[in-house]
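For reference, the structure is listed below as structure tokens.
Going in written order, the chains are labelled A, B, C and D, and every chain counts its residues from 1.
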Amino acid sequence: MSKVATMRDAVAELVRDGDTVAIEGFTHLICFAAGHEIIRQRKRDLTLCRLTPDVIYDQMIGAGVARKLVFSWLGNPGVGSLHAVRRRIEHADPEPLEIEEYSHFGMVCRYVAGAANLPFFPIRSYYESDIPRVNPNIKPMRSPYGDGTEVYVVPPLRPDVTIVHAQRATAEGDTQIWGLMGCQKEAAFAADRVIVVCEEIVDEAVVRRDPNRTVLPGVVVDAVVPEPFGCHPSYAQGYYDRDNAFYLEWENVSRDPEALEAWLKEWVYELESHAEYVEKMGAERWERLKPGVATSGEVNYGDYS
Amino acid sequence: MSKVATMRDAVAELVRDGDTVAIEGFTHLICFAAGHEIIRQRKRDLTLCRLTPDVIYDQMIGAGVARKLVFSWLGNPGVGSLHAVRRRIEHADPEPLEIEEYSHFGMVCRYVAGAANLPFFPIRSYYESDIPRVNPNIKPMRSPYGDGTEVYVVPPLRPDVTIVHAQRATAEGDTQIWGLMGCQKEAAFAADRVIVVCEEIVDEAVVRRDPNRTVLPGVVVDAVVPEPFGCHPSYAQGYYDRDNAFYLEWENVSRDPEALEAWLKEWVYELESHAEYVEKMGAERWERLKPGVATSGEVNYGDYS
Amino acid sequence: MSGDGELGYSKNEIMIAASARTLAGERICFVGVGLPNIVCNLAQRTVAPDLQLVYEAGVFGARPARLPLSIGDPSLVTGSTAVTSMFELFAFYLQAGLIDAAFLGGAQIDRFGNLNTTVIGEYRSPKVRLPGSGGACEIAIHARKVLVIMRQAQRSFVERLHFRTSPGHSGDPEHDRARGWFGSGPTSVVTDLGTYGFDEATGEMTLLTLHPGVTLDEVRANMGWEPKLAEDLGETPPPTDEELRLIREELDPEGIYTR
Amino acid sequence: MSGDGELGYSKNEIMIAASARTLAGERICFVGVGLPNIVCNLAQRTVAPDLQLVYEAGVFGARPARLPLSIGDPSLVTGSTAVTSMFELFAFYLQAGLIDAAFLGGAQIDRFGNLNTTVIGEYRSPKVRLPGSGGACEIAIHARKVLVIMRQAQRSFVERLHFRTSPGHSGDPEHDRARGWFGSGPTSVVTDLGTYGFDEATGEMTLLTLHPGVTLDEVRANMGWEPKLAEDLGETPPPTDEELRLIREELDPEGIYTR
């Protein structure tokens, strides 16, 4: 049974006002296209989760889709601040934003606990840090074994919806990723509903030729959305490069609420789809971002029939 | 710095009497060659760890190298019993064997805790089972979060030495595996010393072409032993098949202490090395176990220079 | 073919066929070693073509091109949908409730479907040391349905287990519901004599059908308690020609498990 | 080139060169975003050719063919030794004590090397909301050596942090030893004015060298406490021609981080 859907339909059906939503992908495979569709459909009161809320969450939070942010590092990586997010945290401008923060490893362990159906996850971190003081969900716990080692524990994170981007997936949702894996697998298994966005839909035979590359089986996936260049200005290993110029330019857009609004109007609200965004960005940009070829080589699984 | 060594030297230097030793690999990539070398060098008082002590541990325990076994499933998979092990447990014949047992997931979580430097690992298992009654290392723990969910916890397992077999590794120890992964990665990261045995030593460039396949970086590896067919009668995906006939025949060898002793004499003590074992088994057998070709296909990592 | 007799099939063959049918409509099945391996592969070729075979070794969506003779056979990997570490398989698939059905067996079972795969006799001085839990303890707790397949005898269908490796029903359904496990306890037992379900009100094993040619007295002679009988006690449909063909020609041509 | 002046190099360039030298002989280094990225890549090309670059994004043994402009740049992956999930990177590498050295920075540092990357002002009503911990908190605890690189000013070298994101030394070395962490606390701070170590007896930041042309008064004017001075206070060796060539031609040809 094919789960292939348009981004519009997938977001309309699977992302609901008030949901806890995770768009994961650590620098790599960040699904901007899904974020834009959530903005376009004017979803509201979302709790957004992500280790590194970056430009996509600045856009979403600037557009007013979220009431809360759960995170571990807040910034435009390598450039500076997320000013729309900061305005809401520092000045409640235009409205407050609730925050709940961890460290990277704390967030990762929360997803692992969610994916593994564990009520808590132990972590050796937070010692002598002020983080647990401002986040009572991070609790100390003593090992029941002899030496009485103290650890902290974090609670499971179970998003209503997790959205991940992949290089390729089958129509049934079997999903393969290479390059940085971040914590997409954990965030997806932890979620109630999963949207996989991909550069390419491939035949089942492609996946079955190399099962060790599979990160998600279709059984945990609710919709498969083919959306080439769906990670721009982030990247898809082997498909296109990170668009550093965009990240640098975002600093000026984000600083000015009017510029941000204008950007959203031009690049999100007034477009029907990510395909229009890709066209509007222009072929030259995609040509510039195209990497050369560096193939993996093959391994032999063996025919045992 | 090359870490390539002969099996004799690697075992002589890195496996010491009294050590806690894990030879991991779940049905796949079980390093019989290392077990034979440990027998040949007449190591003593080992604590042997493994989810599924199978024929190799029956051989090792029958040969008297171990005083204790830590495990989760004890048998000749698909065939029957490990009689040498059972003689020691049931009749202390020729001497007692201490045992400490978990479930599969409990053992896996013990390796994860060892690898991750955690003092305990939570697991939803053992409820209403007699296993915790006979193993006080499995302790109940209550979640510190609202609902008070009860879990059990298991302690970390940190072998002195873990031995894993891989399809290929560099001379520095960067190790790649495909097919079943078992818990080799976790068991190796948990260990103080690591021996990687491999079908092939490959150039660093082979590993660097497909970094997502790497399970261990050389930095955690102490010795790299090239040993083709080192898993026989177990298998190496894409290299040779599981030798089911051997597993079936083992039932009769294992049942009879004299037959076992004769087998060890013929196939271990009187041979100098695994290379001699391979030669003695005969080319016809290796031809029979050779699989056909089923290649993975390639992916593009992209050249970003 | 031994055990074949005048019926045209062996005891293992009717066990396999009857078990495979219990998988009709299931999606994700955790496959065990030995007979369950053949049962699941038969079901995938008959009543459950969309059945995803999951192996604790870390394979999801296996399509073995031959009968896998171990749960980690290389033919399970080649052509499968996904290979995972065992940690992920147990944590993200089983413990997280993704497994619809799983097979278990054991040396002893009691009337509530509790299983012993650990020891006959005392734990510290065993008469027979059995394999132990493997993944059985967590499978019993997390798989939504547990299907048992084992031969029936006085010494294996017992009033009191020597060791409870894997929990079944407690005998108190209210207690069972309050456990909060994904697993609902064993739902089916298939033996060489008949098939059993479990009473919803009491959690007690209940004889549903007798295999052709088997009498109630034979059943009674091979279990340690007086069996509860279904009101409409029936006869197990014998293996079809197609089931027998698949078993004999494709799944176990050497008859390793089926004769 | 701005900030260049008569010395022939910028403030960032001497910070980068001085930091890179602290990596001499190290094996496994956890690389951060921004300047540390350039520092580690420079060290790999000069004083530490065997340095394994580890990125929290999940890369071990990176050999970037260009300057990675983010810690998850695709050039870090292509040609690397291993890619891991973030869980494995943090759990099996960092938390398990495999990381020899790591870079941290921050908006505020105190005299014991405690760092604030979270907030200026009150946490609940911040004047400036900073990025937060990222991996810094666990890096500070587990990396065997923590190397700090940051610009010096009254508002950043402070007597009292507004928020302690990542622990440094406590000021009580006995307490520090009893922590049982792999991390020994910060061992080096490189600023635009000089380089610092930490006193073994007290854990206090100690000025080791002044960069060429920098006076002690400038240092004092740019920190919130009276600095402890090394007995043999010296001058930082300026960047060599080769270091400058690598920085300007190979590592940051567009001068994004170095001018």
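Just so it is clear, a contact is a pair of C-beta atoms (placed from the backbone, for glycine too) under 8 Å apart; a residue touches a chain by one contact, two chains touch by 3 or more.
Nothing here was measured: the structure is a model prediction, and the numbers come from that model.
Ranked by how far their CA centres sit from the centre of chain A, the chains are topped by C.
Distance between chain C and chain D, defined via averaged C-alpha coordinates, is recorded as 58 Å. Here the CA centre of chain B is 28 Å from the CA centre of chain C.
Computed centre separation for the pair chain A/chain C is 41 angstrom, with centres defined by C-alpha atoms. In chain B, the residues that reach two or more other chains under the touch definition are 112, 117-118, 123-124, 149, 178-179, 181, 185-186, 209, 212, 237, 241, 291, 294, 301-305. The multi-chain contact residues of chain C, meaning those touching 2 or more other chains, are 59, 73-74, 77-79, 83, 91, 95.
Viewed as a contact network, the protein chains fit none of the simple shapes, being neither a path, a ring, a star nor fully connected.
All chain pairs that touch, listed by label, are A-B, A-C, A-D, B-C, B-D. If you check the complex, the residues on chain C that touch chain A are 27-28, 52, 59-61, 63, 65-66, 73-75, 77-83, 88, 91-92, 95-98. Here chain B touches chain D in the complex through residues 112, 115-118, 174, 185-186, 189, 207-209, 211-212, 214-220, 301-305, going by the rule given at the top. On chain A, the positions that touch chain B within their shared complex are 117-122, 124, 139, 141, 143-145, 147, 149, 151, 153, 155, 167, 178-179, 181, 206, 209-210, 212-213, 237-239, 241, 291-305. Within the complex formed with chain D, the residues of chain A that make contact are 26-28, 51-52, 71-75, 77-78, 85-86, 89-90, 101-105, 108-109, 112, 123-131, 134, 149, 178-183, 185-186, 235, 237, 241-242, 244, 247, 291, 294.
If you check the complex, the residues on chain C that touch chain B are 33-34, 56-59, 69-74, 77-79, 83-87, 90-91, 94-95, 118, 123-124, 126-138, 141-142, 163-167, 170, 179-181.
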